Amino acid sequence: MSDNDFQPLDSGKVPRFAGPSTFMRLPSAQASEVDVALIGIPFDSGTTNRTGARHGPREIRNQSSLVRRVHHVTGVSPFDIVRAADCGDAPVNPLNLDESLELIRGFFADVRQAGAMPLTAGGDHLISLPILRALAKDAPVGLMHFDAHSDTYDAFFGSRYNHGTPFRRAVEEGLLDPQRVVQIGIRGAISDASNYDFARANGIRIIFIEEFVDRGADAVMDEACAIVG
Amino acid sequence: MSDNDFQPLDSGKVPRFAGPSTFMRLPSAQASEVDVALIGIPFDSGTTNRTGARHGPREIRNQSSLVRRVHHVTGVSPFDIVRAADCGDAPVNPLNLDESLELIRGFFADVRQAGAMPLTAGGDHLISLPILRALAKDAPVGLMHFDAHSDTYDAFFGSRYNHGTPFRRAVEEGLLDPQRVVQIGIRGAISDASNYDFARANGIRIIFIEEFVDRGADAVMDEACAIVG
Amino acid sequence: MSDNDFQPLDSGKVPRFAGPSTFMRLPSAQASEVDVALIGIPFDSGTTNRTGARHGPREIRNQSSLVRRVHHVTGVSPFDIVRAADCGDAPVNPLNLDESLELIRGFFADVRQAGAMPLTAGGDHLISLPILRALAKDAPVGLMHFDAHSDTYDAFFGSRYNHGTPFRRAVEEGLLDPQRVVQIGIRGAISDASNYDFARANGIRIIFIEEFVDRGADAVMDEACAIVG
Amino acid sequence: MSDNDFQPLDSGKVPRFAGPSTFMRLPSAQASEVDVALIGIPFDSGTTNRTGARHGPREIRNQSSLVRRVHHVTGVSPFDIVRAADCGDAPVNPLNLDESLELIRGFFADVRQAGAMPLTAGGDHLISLPILRALAKDAPVGLMHFDAHSDTYDAFFGSRYNHGTPFRRAVEEGLLDPQRVVQIGIRGAISDASNYDFARANGIRIIFIEEFVDRGADAVMDEACAIVG
Amino acid sequence: MSDNDFQPLDSGKVPRFAGPSTFMRLPSAQASEVDVALIGIPFDSGTTNRTGARHGPREIRNQSSLVRRVHHVTGVSPFDIVRAADCGDAPVNPLNLDESLELIRGFFADVRQAGAMPLTAGGDHLISLPILRALAKDAPVGLMHFDAHSDTYDAFFGSRYNHGTPFRRAVEEGLLDPQRVVQIGIRGAISDASNYDFARANGIRIIFIEEFVDRGADAVMDEACAIVG
Amino acid sequence: MSDNDFQPLDSGKVPRFAGPSTFMRLPSAQASEVDVALIGIPFDSGTTNRTGARHGPREIRNQSSLVRRVHHVTGVSPFDIVRAADCGDAPVNPLNLDESLELIRGFFADVRQAGAMPLTAGGDHLISLPILRALAKDAPVGLMHFDAHSDTYDAFFGSRYNHGTPFRRAVEEGLLDPQRVVQIGIRGAISDASNYDFARANGIRIIFIEEFVDRGADAVMDEACAIVG
């Protein structure tokens, strides 16, 4: 056992069905107290079809009560290496998408200011944009993106801010360096044959699931790490 | 059987699990062709907690395949009295609440223009506002409102347009004559003891569920009809 | 709004789907800080058929996010009258029924010592026994018990401690004054025609659901209050 | 406890989740051994919309594991008064409605021959017809029928044998004496205003749910018993 | 975008939860208007165990609202290549299997006459037989069949027409050329060791799932195409 | 078809949804009548988090109605080779873990005495311990164990008998020869990096899922058979 006080509740002493429903049964704490801040973003206002991701953080916390401490192959416990805690939910306004984006950005700016690395549970994919606005405001960052879709559409329903557009906006706003972005596992059917044009024109590397299966995880991850740098 | 061509599919000839999934297995038609226009409003952008009512119209259509033609006591079939059809869904923009309100209003203005009486399946309660804007733009109307809540809040999250505010807005906009509004069955706990102040100050009659149970449906409905006029 | 700091999160500012999953969205606190301590007992080791009540406290917390502040008829908010908070779960040992009873008893003895009144969400019905052991150890108490069953069996499977026996044990241990116990709404079929003999021999008043429906809630509650004193 | 060996498993010795899944945890036996034969008819070929009742007998057996021995008000256990057992399922052919009707009739003829009174769990409502063919072949019987529908339609889809027609067929075949038939609780909307004509023309007494609520259970049951004789 | 008017509703303009519930959000049309006719067959009368496939067409339509236009690897939209529309459900009689087979056959004969290629959602597997009767009445056809079972049984419950027999009947009726039939992925346990005798004796090629996994999709599909011709 | 009378009900004569709900639709019989005794153990008192496995035997019986007689590749029916029957549930006491272990042990001792080979459906993993106590009391046995976890923990909540400890107890009690034990597919995260120390120190061979995937089923099973002997 580690000297690190930020440990999950011991499942041999407090049952997994008991105690506070925090991420991975970790303590609640301020971002300033930890290395890794686990954060929920209960937001799905960017969704064009089936909502419900707003309930994601609470339900992920509930299910994360099953997480154990140590990986069976490596024998390593991440909870011994870093101080991690549940730092609560970012604020949102379920009736105002724009205000929600700004509230989320502000929350993550504070987390960054506190010196913690955020680990976030959403929420629909648009949450990536305010997070990047908070974390990458000084210089563009790279991105390793696992998804079925590229999320670089331009707009739906006349709106440029939705769950299909965050990474296009992030490139446009100078938050992402597209040369250092790799999207892995893309496999969803698309609305228009030109849907990948923006990504490709800007140098984003798209690895379809077919290529992933063909080359294998090791080769793909080697390339992905090289891209992100 | 009526001369009226707008009849549900005959469940002794086309099974209820087959055929188009329209409201009550009625034909699809334009509002101009019918007396009563059955309309869906797949909208839940006014919801502050649990969304999903956007899927309401489709699922109500599906379940309405169980509806039969004739009431067992009266022996009357509404489908013999009026021409009724499924007139489709009002347009919405799931990413823009204000635009949705205007799209819905415009759709119902057309229905009114066509001379049909709309019968609507939502959708969250905010849909009442754009409907009233279309139907009552010339003169305020009365309202018989069955609900657990009064929906005359002023605002949530700084927003004056949400599922708790439609009837306050309608009174303020001159769409409802509060002296001719009755709310029946109100029983939900409330956020603030002053929540009914607006309704009462404007002369809206609130009949709590306790009064309804105590007096009985007949007496309450007599009073309600007198109020609405 | 009250001076009382122990208020539920404002649902017009923090959505009901966000924030910590505490009872009624109240703050977490120590029993010593409050008048009313909301407590979970995640325990179902006393169950003879279908378990799962161990998950009750967490799920009740989750669903209690829908609770509002003010009663619609009385206009009263209990949160203005008492300081109430979520004081967490009583400790249990899911592999040891006897130890769990003692752990729960100790937890409630501390709550009593702290001066708070507990309001508890279980858990199976056996939890009433260790609570009574903590609260009634100095003098027997009365009980107003709403249930489908009397829970005064003697034993199942050779065990005297299970979800069908807590009130028999409590009478035997001098924790309940049976003359001041009333059981309301009893309606479950029973295993043996002699199942009410203990209750009746000891003066417990059983009000079957048939009597409740026949006399009405007001008359029954008048009698019940007179019995409990 | 009775001398009667046909008792449910004792739930204080064999848990309700264990042991054979028979009706009410009774023994399995031949109809000739018992007074009351509990029988399943896994048949839904007469259904015009939603099937699934074929799974009814198995699932009713499973859920009936919750049934207890003694009624809480009367103190009577039916298992002390009669010998009752699970006598299995009637045979059916899921691909041949007509053959199923004959198979069911034959099974109930054997039960009648054995001298047992059948208590049956279906299955869709058409099962009443082959049961009546077995039990009432010598003389028409009376019927107390609790349902939402009269089930005296003539035909659907050109078929005279389906879940909406059993009691019309039974009257036509001389199995039911319509003067001694009462249908209680009828409330379902109907396909055609003439749907009750057959019942009324033949003297069947229909008590709509509205009348039932208005007069109360006692008065309705007095009349019903007088009708059936 | 294509000149082809038969396009799915644009999901960036009409949300996927709105609008008519047709296959893939395509227009409704007559078979004579299109190249590909999407058809539902709400039929499960051939099922020997768990029914429910009668609800398949409606639910598949509902879920197909998620289908997008363009394949992510090929960049091809089938909706640009062919005119496709929802041509409704084939008629069925839920109380008469034989009549249903004839109704379905007639519907597909009309589709064939109209010159459209049917693409069908069932329904249990027996639906293949009336489709083949309509499409292959002039000359036997080949078949590429993906399934867990061979569906070449002779009879169940004395019935030669059920969900386990369509392809045996089709060979016997001269609708299928067994030398040009390949069954891929067969893996279900069987009732009798002789169950594949008919298929093998008639030259049908059965590729068990074990062979499929061992050889890979490409090799199997090469062989399958060669067989079907 | 075999001479063996212990055959599943013929699904072409008795539908899978009908008849007694026994394992694989086999007859009920005594262990002394069969080669293989199918047994349920409705026990989950050893569970530290989510219970419910007590309902496993009944639900497995229900679902096993789908099992067919013959394997599609080998053409072999196990029911032709051995006499197998449903021999019921082992007795348990849901309120007393220790007594349950002894009741289960006694039941399996009787099965062994009767000369039948038990095939068991649980129930949580602790059931392996009383089974081994019955079957291996004279000499330690080998074990081929497929699982996500090693189940060789020492204790949880101060209890040495729970679903995480059966194989450690079995080694300590001389029921298992650890040199002949192989655990295949282990992949669950663990509570402590020392969790495999006991298994490894005693010579148990652990094959992680990563090794299984890397080497393939054939190579792993060859090794596993060699270990177990």
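By letter and in written order, the chains are A, B, C, D, E and F; residue numbering begins at 1 in each of them.
The working rule: contacts are C-beta pairs under 8 Å (C-beta built on N, C-alpha and C of every residue); 3 or more make two chains touch, one makes a residue touch a chain.
Small disclaimer: the values here were computed from a predicted structure and weren't measured.
Novice: Touching both chain A and chain B, which chains are there?
Specialist: C, E
Novice: Enter the minimum step count from chain B to chain D; a value of 1 means the two chains touch.
Specialist: Tracing touching chains, the least step count from chain B to chain D comes to 1.
Novice: Just grab the chain with the largest centre-to-centre distance to chain A, centres being mean Cα coordinates.
Specialist: Most remote chain from chain A, centroid-wise, comes out as D.
Novice: Which chain has its C-alpha centroid farthest away from the centroid of chain C?
Specialist: Relative to chain C, the chain with the farthest C-alpha centre is E.
Novice: Roughly how far is chain C from chain F, centre to centre by C-alpha average, rounded to an integer in Å?
Specialist: A distance of 40 Å separates the two centres.
Novice: Return the residues of chain F touching two or more other chains; collapse runs of consecutive numbers into ranges.
Specialist: Residue numbers touching two or more other chains: 15, 17, 48-50, 54-55, 94, 156-157.
Novice: According to the definition already given, which pairs of chains are in contact?
Specialist: Pairs of chains that touch one another: A-B, A-C, A-E, A-F, B-C, B-D, B-E, C-D, C-F, D-E, D-F, E-F.
Novice: Going by the contact rule at the top, pick out the chain D residues touching chain E in the complex.
Specialist: 44-52, 54-55, 93-97, 99, 156-159, 161-162
Novice: Once bound in the complex, which stretches of chain E touch chain B?
Specialist: 14-15, 17-21, 28, 40, 42, 54-55, 57-58, 61-62, 88-89, 91-92, 94
Novice: So in the complex, the part of chain C that touches chain D is made up of which residues?
Specialist: Counting only chain C, the residues touching chain D are 48-50, 155-157, 186-193, 195-196, 208, 210.
Novice: Across the complex, what residues on chain A touch chain F?
Specialist: Within the complex, chain A touches chain F at residues 1, 10-13, 15-17, 66-73, 75-77.
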